[in-house]
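Just so it is clear, A, B, C, D and E label the chains in written order, and each chain counts residues from 1 on its own.
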């Protein structure tokens, strides 16, 4: 399976449903922080440029608030695409997951709560 | 019951009715046969005892074509069958005088034999039954000798009659749908094995069909070439299934659950299960319905609601 | 035994590319009853039909099987062809080897095998076909138009001008429909009322047109040429014959708190009201929900002030039963509800409005007398944002999957009008695509950009946040500049998706006209029969069939009218001979078939039959051939199989099953 | 005389079945009928009367005669093979053995029914004496001794043993096949059982049924009797009596459409059915009265008239037990008997 | 149960003329493919389909039977599919009761506009029948020769 198919499989998203309306980028609260914008996540997958996607900064700026997922009129869900890219990166790193005990000392007071919640949401499986 | 006989005789004599449809005494207590009586002399062999199980309503189809009124003796459950036939214009109420005869559960000599009694010489119809046999005398309790259908009695009320004679009793002791539920709970393989075994006995004698008051077609599809479906004997096990499914389907919503099919089957196939499965489904999916309870009612298969359950939902065990 | 000819069509390469047509013909030749089989390039062509004719003569054929496209396409063609060459048209069966075979399969062997089986099934059926004779039914020379908008009015006018009676049934108190709510129309910027009102007046004054306003269709029975319709004329509480339309009652009415439907709830109306000044008929109705007299028994002001004595509180709903030969559905549209689109703050802010609301605001007769102002504070907006595709082209359940078609153009119109009248107002339009196919449409849009300076941004709005200062913070994306932009707007206008009117589903059910998943009525053929419903005698006009602008609606209205006129011009229609028939020797007379017949086509009679020498009087079902539409419900209800359907008989269908399962 | 312990019967069945197919009374879903023996089957020798008689073994309820297969425009016809392997029918009662003799009169007379003849030729009949006759039995009326039935081998069942007596050559052959399992025995137990059965038979309710007047000479008088009008009335026109009867031999020939051809088969028919002997012009018996009369006239008048006085009834009493309306041949015989007096 | 790729089931689809047959036509003109195992029989209305036809199909060797009609409420004849729905519900329930898998029978409502649905339904149904394998419990052996 190539990287593009991998992203599609993990995210369960069909990028070709996108009609390029840009509502995801219009709705994203972390837009300014991102180098690749939410609507571009989709086009990167379409063009198979997963390498660039996996190297982007946006991946670590996305709050996983899922506003783009909620509001996407075509059910393309850019947030899930990015999430999938993140999974690929994490998998490449191998077994570097944290154990439950290791987390509390690492928690930064300044981290937005939403990030924690989204982490739970993301890794609940 | 003497009272029924006297009353029938009186109505025959005063010309109210031209003939009486009842039971004629047989060789023994237990084998009375359905019969028409037209004279006082003939009426001497009239009998109404607890072995008079036959449902006489179907004979009224032919009797309705005869001249003059026919007096018919109907037990409470038979009256449902009569009503159903009435709703389908198969019998003529104007030509019928109904004596609703009392019933406290009918007996079956098969069930006496099933209790292990052999070589029966005589038997009475009281509780318990006193049986004289070639191999000694014995007793069988009334309940044990009662027809299976009477254990799920429809009640003591006649739904149609001109007059009532005798007491009736609701003899139900079991849940009407217990057997159906038991089978529903089986795995598909078990269900298949159960019916395959039962239906493998079928000899296609058509007794179930011919006794059934709902199976009153002038010509059955299985006798006609309408569907290229004429059958006489089962050659392949498929035909048994075809026959019994279609027969049950054709009477679905019209079957009053009188139980005659199971009573007459020479191979003891529990044919009522097919009908009762449909009745149970109809009750669950489309609301309680008793065929024959109301001659004006519209049957469940000739009516609908916009939000009836989908077959796919029912297949998954749902009802809506 | 039949002598059957089998004709396999190549349909150019449509069939022949995936189905080995020679093989199909070869295999067909081996089937019982087949005496001739051949293939040809285009069976439906003149030459193809001539080939069929020649074979009928040469082989003395009694039945035909044409393996070709769907019978819905060419069954009629081949039946006519058979008839032309002296064969009963109902001795023809079609094996659909195009839509159901060549077009959906890729593997030649597999497709050929399937085509052989489909041909076999059709041959098995024809072996049991019997010649059928079509009957005749009469045509009532009167049409019904459901809906009194521009589509309904135009259809009615065209039919009436051809000399046929037409009735219009309109649910609201006046005809006029959506178009009467519009201010200007694109791309010419005519005043909507100026072009609509004369048509309304024409319709009202036309001697062949009868208008039932404040009325609804309640029940439809019958069939093409002979529909019977119950129309509920709701109680107006005002005598139409006496009312002079002076308007005093509306002025004096003390109950003035009901949101005006006509003005989209932007302002209020009285309990006794006409929706708008040019209403036809110009007779008010009393809204009994709002009327004090009806609610409390006290009041009666309108009755007192009415010089004409037209007020009648005791009026009751009236059911009018009328016969029609044809019915046109012109029920129009509404905008979708926006309650699932929280992000646009439509329910939070009065200054977020739909485009239809903007039409009312811009209209001189509207709630603001035509002044562009914010509904929250009455101030003139300086910054307006338009959002396109709100609920359109949306694949989730919040919106509609289709393009609403009209929004691009009316938004350009709005933007242009605002910039024209209020040059100091900034107008921004967020768009996904701008779609302008149509005469002078793209030119119109370009004018908005080039001459009027409307700021078009390729992107969508993600969020509209009302601010404490009363402004609206619009956050959107600009995909060209690849940036997220925030605009502090005074007013946001949403190009809300349109959907068929609520009541259309009910009407479709009554008419047994089919409807698609979006509640648009289905046309008989998307290309070739776009104004006819699959149900004979029912025609479609306007948006009820799919999104349309005014010129398209008017042209479809005319087309529907032509179809109606074509139908009403006939004195008799040939009826479908595929009707039910009872075998008197098998019929039990049980009445169950009559219970399931939707047309009341089955009655019973007692007659003497001779059943193999036994003569007796029996109650037998009798089918009225003119009423029976051939659904077959009765055939399954009949346990003995006495009831059978000609053309789809038990034996025919079983033969098909056997042929397929063989 | 030989014998075998009851406990060893399964071995006997297995030994026979190893060499040839074995048909015997088997209980399925509560009812006992003749059926092919398998290891798992529930052999039932206790039930006096199987629901259907043993006639199926020689004249099955349905059997294929030939196949027609269509391939394009070609048709091939393949006749069904005749029975060519030996088989044993075990546990037939005296009445059913006589029933087969009645069928022989029909099917082995010219023209011989080859399907039936092949089965008769290859079938060995092991009959079983009736230990406890029941109330509906009246085989004695037809001269049948249920205590010592006919057959290739006759057997008696006591509490402990099955006694085994080969009578014919076929019987001897079968006995030789299972000789290992049989032990020699005296006749004492069998004699005692025969005596006991004889006493019970005397006490049977229908023991004294008289067939006086039932012969070819009485044809017209019986045929035209008004009694039939009353007798037939309760008849439901089902085929129960004919299908459980050991002697009813009417069959219909039908075609089954297999999709690619036709399978021609014959199956039992019942003269009670309204479409019995239906022909293109209609039916030669148009009322149930006629059909009902036909059945009894055939059994008691026409058949004996054509077969040296052999009745086509063996007094098994199955119709007495099974008629849904409690009609039966005994009631008919008695009705005419009363009339005669 | 393992999916036998070699197994090509025989599937009979009864389609009402007004909705589902047209839906199948639309699937065709939209080139929406589904397995060739499905063969369509045109009936005027779903209510024309007699349970005898369905059993007949199984008798003669069908492995699955599907009935398609207009959506409830949209019947061309107003009420036909409502009756069909009750009939099929009861019939399928009976087949289930007798242990002959009810997955071999199905009712689907497909409108004239639902070419996509038609194709999806058929793909899905064929898949289901393939997983169930050959129909052995409801056929007549004589037809298998």
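As a convention for this text, a residue touches a chain if its C-beta (ideal position, glycine included) is under 8 Å from a C-beta of that chain, and two chains touch if they have at least 3 such contacts.
Just so we're clear, the structure is a prediction, and the values are computed from it rather than from any experiment.
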Taking each chain's C-alpha mean as its centre, the one farthest from subunit A: D
Farthest chain (mean CA position) relative to subunit E: D
Central chain (distance from its CA mean to the mean of all protein CA atoms): E
Interface with more contacting C-beta pairs, comparing C-D to C-E: C-E
Euclidean distance of C-alpha centroids - subunit B vs subunit D, Å: 30
For subunit A paired with subunit B, centre-to-centre distance based on mean C-alpha positions, whole Å: 70
Computed distance of Cα centres, subunit D from subunit A, in Å: 82
Chain centre separation in whole Å, for subunit E relative to subunit A (CA means): 43
Sequence positions of subunit B contacting 2 or more other chains: 219, 221, 227-228, 235, 301-302
Multi-partner residues of subunit D (at least 2 other chains): 256-257, 259
Touching pairs among all chains present in the structure: A-C, B-C, B-D, B-E, C-D, C-E, D-E
Interfacial residue positions of subunit E with respect to subunit B in the complex: 50-52, 55-56, 58-59, 72-73, 79, 82-83, 85-103, 105-107, 137-142
Residues of subunit C defined as touching subunit E within the complex: 70-73, 96, 98-101, 103-107, 110-111, 113-114, 117-118, 121, 505, 508-509, 512, 514-517, 522, 534-535, 578, 596, 598, 629-633, 635-637, 645, 648, 650, 653-654, 656-658, 660-662
Residue ranges of subunit C touching subunit D (in the complex, touch as defined): 30, 612-614, 658, 661-662
Subunit E partner contacts - residues on subunit B that touch it in the complex: 180, 183-184, 186, 188-195, 221, 227, 229, 235-236, 238-239, 241-242, 245-246, 248-249, 252, 274, 277-278, 281-282, 285-286, 300-302, 304-306, 308-312, 314-315
For the subunit A and subunit C complex, residues of the former touching the latter: 17, 19-28, 31-32, 37, 39-40, 67, 71, 73-75
